[in-house]
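Heads up, the next two complexes both have chain A, just with different partners, chain B and then chain C.
On to the complex of A and B.
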């Protein structure tokens, strides 16, 4: 084991190797955090989208990029009736409930949307709700008056009637003091209020309202077109990418090595068959076959992994390992092993394979990012795993929604940066290992 | 004496040519067998579990039903009669396509057709000229792929070999270290850099078009057309160049350094031969065979990468075709593309062997063993 330890000790002389190791450690930490913080089933469920994300804006860029560029785009503001005191007045047969939801708006841009989620419980008669908007100046703008069902979404920003009254789309008109129809309305900062007045016809009926004023920015990594927070996919993409890269690299290099050693050891027709299979395999195009399998069967990441490994078994590497193993086959220590009666399997696995493992290690490390990018490539082609969130799938979504054209740079840059980081980390370590374990390169 | 030498060189040339011919014939035969097996494997993968057959049966069924329902001549038939008519037509169609035969026979039939490049008809797609034949669809896209990847590969190859030779003379210098330090950047494939190049050079600072092959509408005249194509090639070629160049320089530099320390090179230097001659005769000539090998191996690797790069740059080549075929779930086109890729790879491997035979004298002397 000492040459290994020596080799590892020598790693310290290569700053790029240390940087690579640092990046890999960071990625592993991210992966561990992702798996513990968001369990697998929850991640899948979240990434399917839907109601879990109804409070988030669509295509919101990260908060920090906006602030760095000196912007003051609005963040999402949520106010619920649970947070405020609800006044109640009783009349004959009816109750009047009244809640004032304050919206503190100190931002420099208009919100993206305004929605009010109303939930009410009643037996027969639906409550009647009247909404009024109060500006910081005390001006009142009636919004809507309607009966509400058990669970309803009142889209204030899509109220066409209100839009024509205001002269702007509601999310602009409600937050400005410009003249209706002005060219360049400015935001009026201050505390706005939404007054909710509900008429309840039943004694036990209740009403809960949740106002969401959607911002233009969200969180560390922003959101996508389905309102999903990209953090989930960026975090969960890490364990998926690392696992895929590692398993594919282990699967292909080890099987290739063992098969090359088997061919060298037995020689004759076994070797010939392996050589011919390798030649056939060189002709089979990996990516188109993966595309074909993905289209015809399933795009499950495990099936893809299986195909990659199966097609990788007889890869061109066999020829290289073969030329390295041929001289070893005649080495005296193999002769000795045979003399004491070691079996074929023992000689191949314990004597031939370990001998060239050091040569394999750098190749193996540099192969990992290749497979990470392969998985991303498949996802970019639309053949990503159907349920798992991965970096490639974010890129695919971004491309399908023309993110670059619309200026949603964050959507492409974050997953791309993570991919690049993975690639660089493993490649830097691999290159350093290459120079340590391949002595011929060390002198030059 | 002089005539004698002349005769003997003539004879050795003839002998060389004969051996080269035998070698080439052997390789072509071997590769043909390889291609046939490869294509057969493709067909088996594409048909595993009879999924393709089920798809085709469903398609036939719906087509026949549509036809019978839409035809006014059959309107007066009762439901049972119409049902019987449909069954009969489906049966006819199944027999026509040979779906009632066992898979092994059909697969051999497919194989024969695929090897002869008779790739069948597309289900949904058609070529720009309107043909539904898979062969025509692919043939129309092939030149675009060849132009783009040929240019990029040649550029990367010559630039990296020249740069590596230059660096190997100055190894240990700042530039040399910089090139080594940049080598890990090749971990990312071309399409990945493509995304950034599009972002920077097409949107933030528009200097080159973001995608496509010619401007729309295509310019009049061959020169204007070519200029437009070149403009559109800038970004994809640059993307491939960036992703390949440093790793190539790195590996060539190492390669040249190892060969520059061989004894016979030291010997040539000791004799006082000029550097240029040492480089050309003692370093480049013996290493020419591996250089060519690795160039063609790089080609093999890049054929596959083509799919996504073309897709990112909207380049109307084979890769984009395959991508569109996935979108349409157009199985014949997908299988046809895989077969064409297999052929391209086989041709590349053949070129490799052939050039090797010419460049490596050992192959000639030993008669291709």
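On to the complex of A and C.
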């Protein structure tokens, strides 16, 4: 068994490491699920927003937080004409279509919005549609009556005329039996009905309607101001964060290590140049440079990754690796390797670097979340990738929409929790690995 | 890739030409201040001449710090000589580089003092032994495995399967040194340089390792340069011995001759410090009587041993360094004015 495997086997003695591994496994599972369930291109497309999300409420909090706090906020109700029987009769050369869409409303709050999406196919004459709302008491409230085009959204809750008739905004007035204009209207629970009556002037014309009564809560993680389900970004943020953290950590650690080893091995001016470059680079601030690149050039996450790695190459780590490698350079086995003909590259890559690799594993593991946070910070500063959904982008949106001021805590808490979970998982594993691979820290 | 050419070297050996020929060799290390100002130099090897024949075992004996390891490293082309010439198999070593240097290194085995340090701790034995083969272009896993097993069995690590998968720290010091010897033999060298190969081992395994070196040296007809500070290990294992003092070789002779009739006062002193080889205190290191080892930065004038020499002749020894080839007998060379 190699020392590496032995070290890893010792992880079992550290419960915190196992917990960390568990968290990382969870994140990896999320990442795998995300990329398999929602392909990359689809995720980018979804996150652009638009029609895909038209059935979802804006800024809806997660269902479970509302229920946990004893609330009974409405969920979104969708009823389509496809789900019910469409009656038809002919009358003086036209067809009359009639559908009744039931809306079962057992909630304690009013809906956020009410929209009816109508699609129809016809050659020349648009169908004429008349809508009627029926309360559980059997009371009928006439809504709109109009011609509809091929694809149309009838915003019932935006109907100003209806609002003045009801004395409330429609989404309130249609779901209460309070007197018009009352101060504190209460929801009347029960089954409501939307009656759709259409007059078709053409024999082959069709009509499909889809009623959406938007709730106040949605899903596991709620939605944002563009009606996008945060689940998508939270899920897809995982592979992006892990990939960014891992690639940046691997990229910087390995290149730094190899450059440090090169300097140590050749010594002389090579070492001097590397040392000076490192010293200059250490005082260069990473974040402002990234902000500059992001503002002036592009905020693509892969460009940022490249800049992070390039600036990370001559990082302070070089000094540390150098001090670890200097004594190894003099080791008899290196002299032996030279004596049997090993070249410079081989000595650097096969004799110097592997010697300190185990010591670097903990640093490497704890470095991963640092880069995840860096990516999130960039996104919060508005320098996130323009198309990819990431945790930082959610936070950025939340901040731009003053989420906390409006009480949309879920919008900030979920991505923040995932970020902290990532940090925690890698840190717990890293600290345990540090004890295993860094003998000076091992308690006897 | 240049492969060793046993036929050429064999014929050269048959003509009586030495494998290794060293003339006027000097290796000085610069002492620098602030990294660039040269303030002097350590004359670790300061004018060494000798030859090494094929199949010959020669000891280099001398006290600590006299430049033995520096000599070994210079011969291995690990240090660039300051002056002088090294010829291996008739080819001068100066200015060798690239593949020629690599080929030379393939023909010289190196056994170091500290067997544990000489083995990379993060590789298993299989890997450690594969390295020289890979470097020297031995292709094919099976071929390498075959040669590794053969080498392990040759040095007495049988069955090879028991050792192959282990890491250096899982072996005893003696076993580690056997692996080091196996590695030195893997490329079928013409010469082995063993720098104090047993001084860090338990007394109990020293003899085994020396016997092993002697055996492989004979079987492969190797030239073996055996470096030691311990004259007591020399008698049974070498053909010839050279005594080194202050970066120079002060006396060389066949070992029986040297032990029976030491010509240089320093050799005499070493031998008397050794005492009776059969006595209990034979292995106790007693210092050469009188004085400090010479400074290699500012070596004594004239003969470097004169400040400690009982027979020093004032007006002669401290003025002029003795030439290294007073020959009381044809194969006995002494650098001492007493033999003028």
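In the analysis below, the second predicted complex is superposed on the first by the 441 of 444 C-alpha atoms of A that agree within 3 Å, B and C clash if a C-alpha of one lies under 4 Å from a C-alpha of the other, contacts with A are read in each partner's own complex, and residues count from 1 in each chain.
Assume a residue touches a chain if its C-beta (ideal position, glycine included) is under 8 Å from a C-beta of that chain, and two chains touch if they have at least 3 such contacts.
Being a predicted model, the structure only gives us computed values, none of them experimental.
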{"item": "Overlay on chain A: chain C relative to chain B, clash or fit", "value": "fit"}
{"item": "More chain A residues in contact - chain B or chain C", "value": "B"}
{"item": "Which superposed partner A:16 touches (first chain B, second chain C, both, neither)", "value": "first"}
{"item": "Which of chain B and chain C A:244 touches, first, second, both or neither", "value": "neither"}
{"item": "Contacts of A:314 with chain B and chain C, given as first, second, both or neither", "value": "neither"}
{"item": "Partner chain in contact with A:336 - chain B first, chain C second, else both or neither", "value": "second"}
{"item": "Which superposed partner A:364 touches (first chain B, second chain C, both, neither)", "value": "neither"}
{"item": "Chain A as apex of chain B and chain C, Cα-centre angle in degrees (nearest 10)", "value": "60"}
{"item": "Overlay on chain A, chain C to chain B nearest C-alpha distance, Å", "value": "7"}
{"item": "Residues on chain A lying within both footprints (that of chain B and that of chain C)", "value": "none"}
{"item": "Residues of chain A touching chain C in the complex", "value": "2-3, 331-333, 335-343, 346, 350-351, 354-355, 358"}
{"item": "Chain B-facing residues of chain A, complex", "value": "16, 20, 276, 279-280, 282-289, 291-297, 316, 366, 369-370, 373, 376-377, 380-383, 395, 399, 404-405, 409, 412, 416, 419-420, 423-424, 426-428, 430-431, 440-441, 444"}
{"item": "Chain A-touching residues of chain C, taken from the complex the two chains share", "value": "73, 76, 78, 101-102, 105-106, 108, 110, 112-114, 117-122, 124, 131-132, 135-136, 167, 180, 183, 187"}
{"item": "Contact set on chain B toward chain A in their complex", "value": "30-31, 34-35, 37-38, 41-42, 45-46, 48-49, 51-52, 171, 180-181, 183-189, 191-192, 195-196, 198-199, 203, 250, 254, 257-258, 261, 297, 300, 303-305, 307-308, 311-312, 322-323, 325-327, 329, 331, 334-335, 337-338, 341-342, 345-346, 349"}
